[in-house]
Amino acid sequence: MHISTNIWTWLAVILTFGIFSFLYKDNPFYKFCEHLFVGVSVGYTIALTWYNSVYPDLVTPLFREGRLLYIVPFILGLCYFCRFIPKVSWLIRLPMGFVLGWASGVAIPAYFQTNIIKQIQGTLLTPAIFAHWDVFLWALISFVGVICSVLYFFFSREHKGVLKVASETGIIFLMIGFGASFGYTVMARMSLLIGRFQFLLRDWLGLIK
Amino acid sequence: MAIASLFLSVLVSQWALPSIRAQDTPNDGGKSITIRWQVPANLPVENLILERREKSGEVTVIASLPLGETGFTDEGVSDGKRYQYRLGAVSGADTVWSEMSGWVQSSPQFFNWARVNILIAMLVFFALVIYFIEHAKAGRHLFVRRIAGLDAVEEAVGRATEMGKPIVYVPGLGSVADIATIASLNILGEVAKKTAQYDSALLVPNRDPIVYTVAREVVKEAYAQAGRPDAFKADNIFFVTSEQFAYAAAVDGLMVREKPATNFFLGTFWAESLILAETGATTGAIQIAGTDSVFQLPFFITACDYTLIGEELYAASAYLSREPLLLGSLKGQDFGKLLIMVIVIVGSALLLLSKIPALSFFQSIISFFNVS
Amino acid sequence: MRRTIPLAICLGMGIIMMAQFFIPHPVSVAFYDLTTKWIRIVSAFALVLGVGSLILYHIERLQRKRPGWIYSIVTLTALLITAFIGLVWGVKPGSPLQEILFKNMLVPLNASMFAMLAFYMASAAYRAFRARTKEAALLLIAAFVVMLGMVPVGAAIWGKLPEVAEWVLSVPNMAAKRAILFGVALGAIATSLKVILGIERGWLGGGKG
Amino acid sequence: MNLLENLLRIDRKIIFIVMAVLVLFPLLKPLGLGVSSGPRAKAVFDAVDAIPPGKTLLISVDFDPASMPELYPMLVALMRHCFARNVKVLLCGLWITGAGLADKAITEIPPEYGKTYGEDVVYLGWKAGVDAVILGMGENIKNVFPVDYYGHPLDSLPMMREVTRLKDIPFMVAISAGTPGFSDWLLYAQSRYGMRVGAGVTAVSAADAYPYLQSGQLTGLLAGMKGAAEYEVLVQKNGYSKAYMPAVAAMDSQSLAHIVIMVLVIIGNLAFFATRRKRR
C-alpha cells in the first residue's frame, strides 16, 4: 500500500468525494464541485474548439493561405455573436438557417436509407426462414413483434377489435425491450461506480494493480 | 506470320476463350470503367492479367489478379477518352488472351438510379405529411384517439383535489427546442384548468429559464380560461437551477416537504429521472410520467403508476391542443407507419411465395430495398 | 425581411442537400465538399451561443445576488482560467490543460457524477421498482433474465441462461427497438421537413422581431 | 407483518453503504467468477482478426471520462489485438472529451509492441460537425484532418500514404457512449461508402443496437464492461497479449452488484405486495 504523492491525484480524489457527498445530502462542498465542473468543461470545449476546428479549418485557409471564399462561413459564424447585441440579434437566424437547412437536407435521405428502408429489408420474411424450425419461429415472432409494436403507436383509430389485440401484443414486446434496456443500464451504472473505486484503490491508495 | 496466328487460333479455339465486357461504371461521378469477365472452367490458369488499350494504341497492363476474381473497376481513366480492354489467362509461359472488348468511354451521371427507392419513399412520405398539415390548417376534423394516459391524468388530478393536497408538475429538463417539452406544456395547460376549478395548489419547478417563462404564461392563461384568474398564484411556478442534479435534489426536497398527492414527470429527462421517480414513489404520491427519452422509460414504467411512452406523449398533447401543426405531422407519421406495415406484410407474402418455382421472380423484391 | 431571408436560406440549403444525395456528378460532390467545410466552421462558432448564455446567466445571478450566487463565481472563474490555460499553453497532450484540468479535474468530476447513479439505482431498486402493473412485472422479468444472462452466476444457476438472455435481446427486444426506430425516424424526418419548408419556425424565435 | 413494513422504511443511506461494500470487496479480493462469452463480441473479434497484416483498422473514439470504465478497455484490447498481428491502427473522434483518452492510449499501448507513431498508429484528433466529418473522410481524409492531433501534416506520416479515404479501410469499430456514435457511422459511412462497422457501446445503449445487428448493418457488438471483458479474454486466449485485463478484473464486482440489485427488487416487491394485501 503506497499512497500517491502526486497532488493532482489528491485533487481528483477530493473532487470525487465532493461529488459523492451529494449522496449524504446536497451541501456546499457538492455545489462547489458541480459549478467547478460546469466551468472547467466549458473552458475545455473553448480551447479545444479553437485548436481543433477554428484554427485549422478557418484561420489557416482564410488568413494564412488567403483563400477568400472562406469569408462566407466566417461572416456567417460571426453572426452568432449578434445574439447578444439586441438591435441586430435577428442576424443569428442566418447561420442557424444555413446549418439547420444543411443538416435537415443531409439527414432526411440518410434516415430513410439506414433507419427505414434497411430496417424494412431486415423485417421482410424471406424463404431463408424455412432453413430450420427455430430460424422460422424466431423470424415469425420478430415479424409479429415489429408489426404489433408499431401498431401500439397508431393513433388514427380507436384500439378496438383486431387493433386492440395487436396493440396488447405490441406492449408485451415493448416491455421486454425496456426490460432488456433496464438490465443493461444496471450494468452501465455499476461499471461507472467500479471505475471510480478502481481509481481510488489503484491511483490513490495503490492497493491494487 | 499469318500461318502461325492461324495455327495458334486453331489451337486456342479448342479451349473456349475468356469472355470480357466493359462498360462505364453506372451511378457514379465518372472517371471509372467496370470490366466483367468469365474464364471457362477447362482453361488451365494460374492468374489473370488485365490490359488496357487507348485510342493512341498505347497498351498498359493495369491489373494482375488471382483466379477467383470476376471483375475489376478501372479508376485510372479520364472522361471523354475511349478505351479497350482484354483479359489474359496466364498459365506458366503462355497466355491465352480474350477478345478485345468494344470501345468504351467513362462519364459522370446526373442521377443515381441505385437510390431511386429512397427518392420514392421520400416523395410519398412528404406528400402524406404535407397533405395532413394542410388538412389540419384548413380546420377540417382529424381524428386522434384519446390516449388512455389522459384518463390516468384526470384521475390523478381528481385524487389530489379530493384530498386537498398539492400537485407537483415537472415539465422535464429539456428546452423549448425539444418536442417533448412543448408537448408537456400543452398538457400542463389542461391540468392547470382542472386545478383552477377545484382550487388545489399546482407547483411547477423549472430547470430552463425560457421553459419557466412559457410555463407561467400557460398556467395563467389556463386559470383565466377556467374563469378563475384570481386563483392564479404566480410564485407557484418558479425557476430552480439549471444544474441537472441540483435540480433533481431540489425537486426531491419539494416533494418530501409538500407531500403532494400527485406528481407529473412529463417532458425530456436524463439520468436524474431515477432520483426524481424514487423519492416521489416513497412519498406515496400517484405518479404519472411521460417522455420520449427511451433510456429513461424503464425507470419511469417501474417507479410510476402510469407512463406515456414516447410518441404517446405527442399524441396526448395533439389530442388536447388540436394544434394543426402537431395534428398534421402526427397523422402523417401514423399513415407513414401504416404504409411501412403494408409494405412489410405484402413484401413478405410475395417473398415467401417466391419459394414456388413458378413465382420465383418475386425474389427480386428484396433487392428493391438494397441501399448503396 | 428578417424572417424571409433565413427561411429562404434554410429552404434552399435543405432542398439542394436532398437533391445532392441523388446526384453523383463531380460538381455535386465538389459542392458537397465545400459546404461540409463551411458547416464545420459555422458550427464551431455556434459554441458562442452556449458559452454566451451560460456566462450571462451566471453574471445575472451574481448581480441580483440570487441564492447560490457565490457558486456562480466558481463557474465563471473556472471557465476563464481553463479557457485561458488552454488557449495559451495549447491543448496538446502534456499541456497543463490536458494533464491537470482534464485528467485530474474533468475526469473525476464527470465520472463521479455518473458513478453516483449506481447508488440511486440500488435504492430505487429497493424502494421504487415495483411490479405494480402487468407491464411493469413483464419489464422486471425481462430485466432479470438479461441481467442473469450477463453475469457468470446466471450461467451457474442454469447453463442455458446466457442463451435465453441472448434470445430475449435478439428477438423480442430487437422487434420492439425496431418499431421504436421506425417511429423515431419518421418523427425526425417529419420535423426536418417542417424545418426546411418553414412550417416549423420555432428556431426563428431565437432573435427579436 | 410490521417487519415488512419497517423493511420498506429502511433509510436510503444504508442501501448505499451495502452497495459500496459489495462493489469494493471483490476489487480487493478477486473472487475469480470469470466471464461468460457471447456471439456478438466474437463477431467483432473475428472481423478484426480477418484484417490482413499491413492493412488498417479505424477506431472512432466517441466517449468521455464517465464511460471510461466500460469503453477504454475495449480501445486498449482492440489496439493490442491489431499490434500483435501487425495491423495498423487509425484513431479519430467525434467527441471532444475523447481526445484526451485516445492520446492516453496512444502513449501507453504502442510501446508494448514496439510500434512507432506515424508508421503503425496515427491519431487524427477530434472534429466538430458529425456528418460533415464522416462524409468528408469518405471522400478524402486529408480534407477533414489536414494535420493529425499532434500537428503533423498527414503527408509526413508514412501510414497515411496508402490510407487516403474510407474505402481504403477494411473494417472499423465505433466505440461510442451515445450520440454522436455508431448510428452516425452507419448513417453516413456505411450507407454512402459501404464501410463495414463494428460497435463498442456503453451498456445503456447496447439493447438498442440489436436491430442494426439483425439487419446486418452492424458486424458484431461489444456491450458495456462485459463486452470489454469478453474481448480481453479473446485477445489473451489467442496469444495476442498477456497484459493485465482491467475489465475482467472488474466483472466480479459487476456480478455481485447485479445479484444485490435483483435481491433488493425482490425484497422490495415482497414487502410492497404484503403491505398492499394488508391495506386492502
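By letter and in written order, the chains are A, B, C and D; residue numbering begins at 1 in each of them.
The rule is simple: a contact is a pair of C-beta atoms (placed from the backbone, for glycine too) under 8 Å apart; a residue touches a chain by one contact, two chains touch by 3 or more.
Quantities reported herein were computed from a predicted structural model and do not represent experimental measurements.
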Path length in the contact graph (subunit A to subunit D, fewest steps): 1
Common touching chains of subunit D and subunit C: A, B
Identity of the chain that, by mean CA position, is farthest from subunit D: B
Leader among chain pairs (count of C-beta contacts): A-C
Chain centre separation (subunit B, subunit C; CA means) in Å: 16
Subunit A-subunit C separation of Cα centroids, rounded to whole Å: 4
Computed distance of Cα centres, subunit D from subunit B, in Å: 24
Subunit A residues counted as touching two or more neighbouring chains: 22-23, 31, 34-35, 38, 44-45, 48-49, 52-53, 103, 106-116, 118-119, 121-123, 142-143, 146, 150, 153, 174-175, 177-187, 190, 192-193, 195-196
For subunit C, residues that touch 2 or more chains besides their own: 18, 21-22, 29, 37, 39-40, 43-44, 68, 91, 102-103, 106-108, 110-111, 113-119, 121, 123, 127-132, 135-136, 139-140, 143-144, 146-147, 150, 169-170, 173-174, 177-178, 180-184, 186, 189, 193, 203
Contacts with 2+ other chains: residues of subunit D: 16, 19, 23, 66-69, 97, 99, 127-129, 131, 135, 191, 204-205, 207-208, 211, 214, 226, 254, 257-258, 261
Complex interface listing, subunit D residues touching subunit A: 13, 16, 19, 23-24, 27-28, 66-70, 96-97, 99, 125-129, 131, 135, 146-147, 183, 186-188, 190-191, 202-208, 211, 214-217, 223-226, 244, 246, 249-250, 253-254, 257-258, 261
Subunit A to subunit C touching residues, read off their complex: 8-9, 11-13, 15-16, 18-20, 22-23, 31-54, 57-58, 69-70, 72-74, 76-78, 80-84, 86, 89-112, 115-116, 119, 122-123, 138, 141-146, 149-150, 152-153, 170-187, 189-190, 192-193, 195-196, 199
Of all residues in subunit A, those that touch subunit D in their complex: 23-24, 44-45, 48-49, 52-53, 56, 60, 103, 106-107, 110-111, 113-115, 118-119, 121-122, 142, 177, 180-181, 183-188, 190-198, 201, 207-209
Sites on subunit C touched by subunit A in the complex: 2-3, 5-18, 20-22, 34-35, 37-52, 54, 56, 68, 71-72, 74-87, 90-91, 97, 99-119, 121, 135-136, 138-147, 150, 167-186, 188-189, 192-193, 195-196, 203-204, 206-209
Touching residues (chain side subunit A, partner subunit B) in the complex: 22, 26, 31, 34-35, 38, 108-109, 112-114, 116-118, 120-121, 123-127, 130, 143, 146-147, 150-151, 153-159, 174-175, 178-179, 181-182, 185
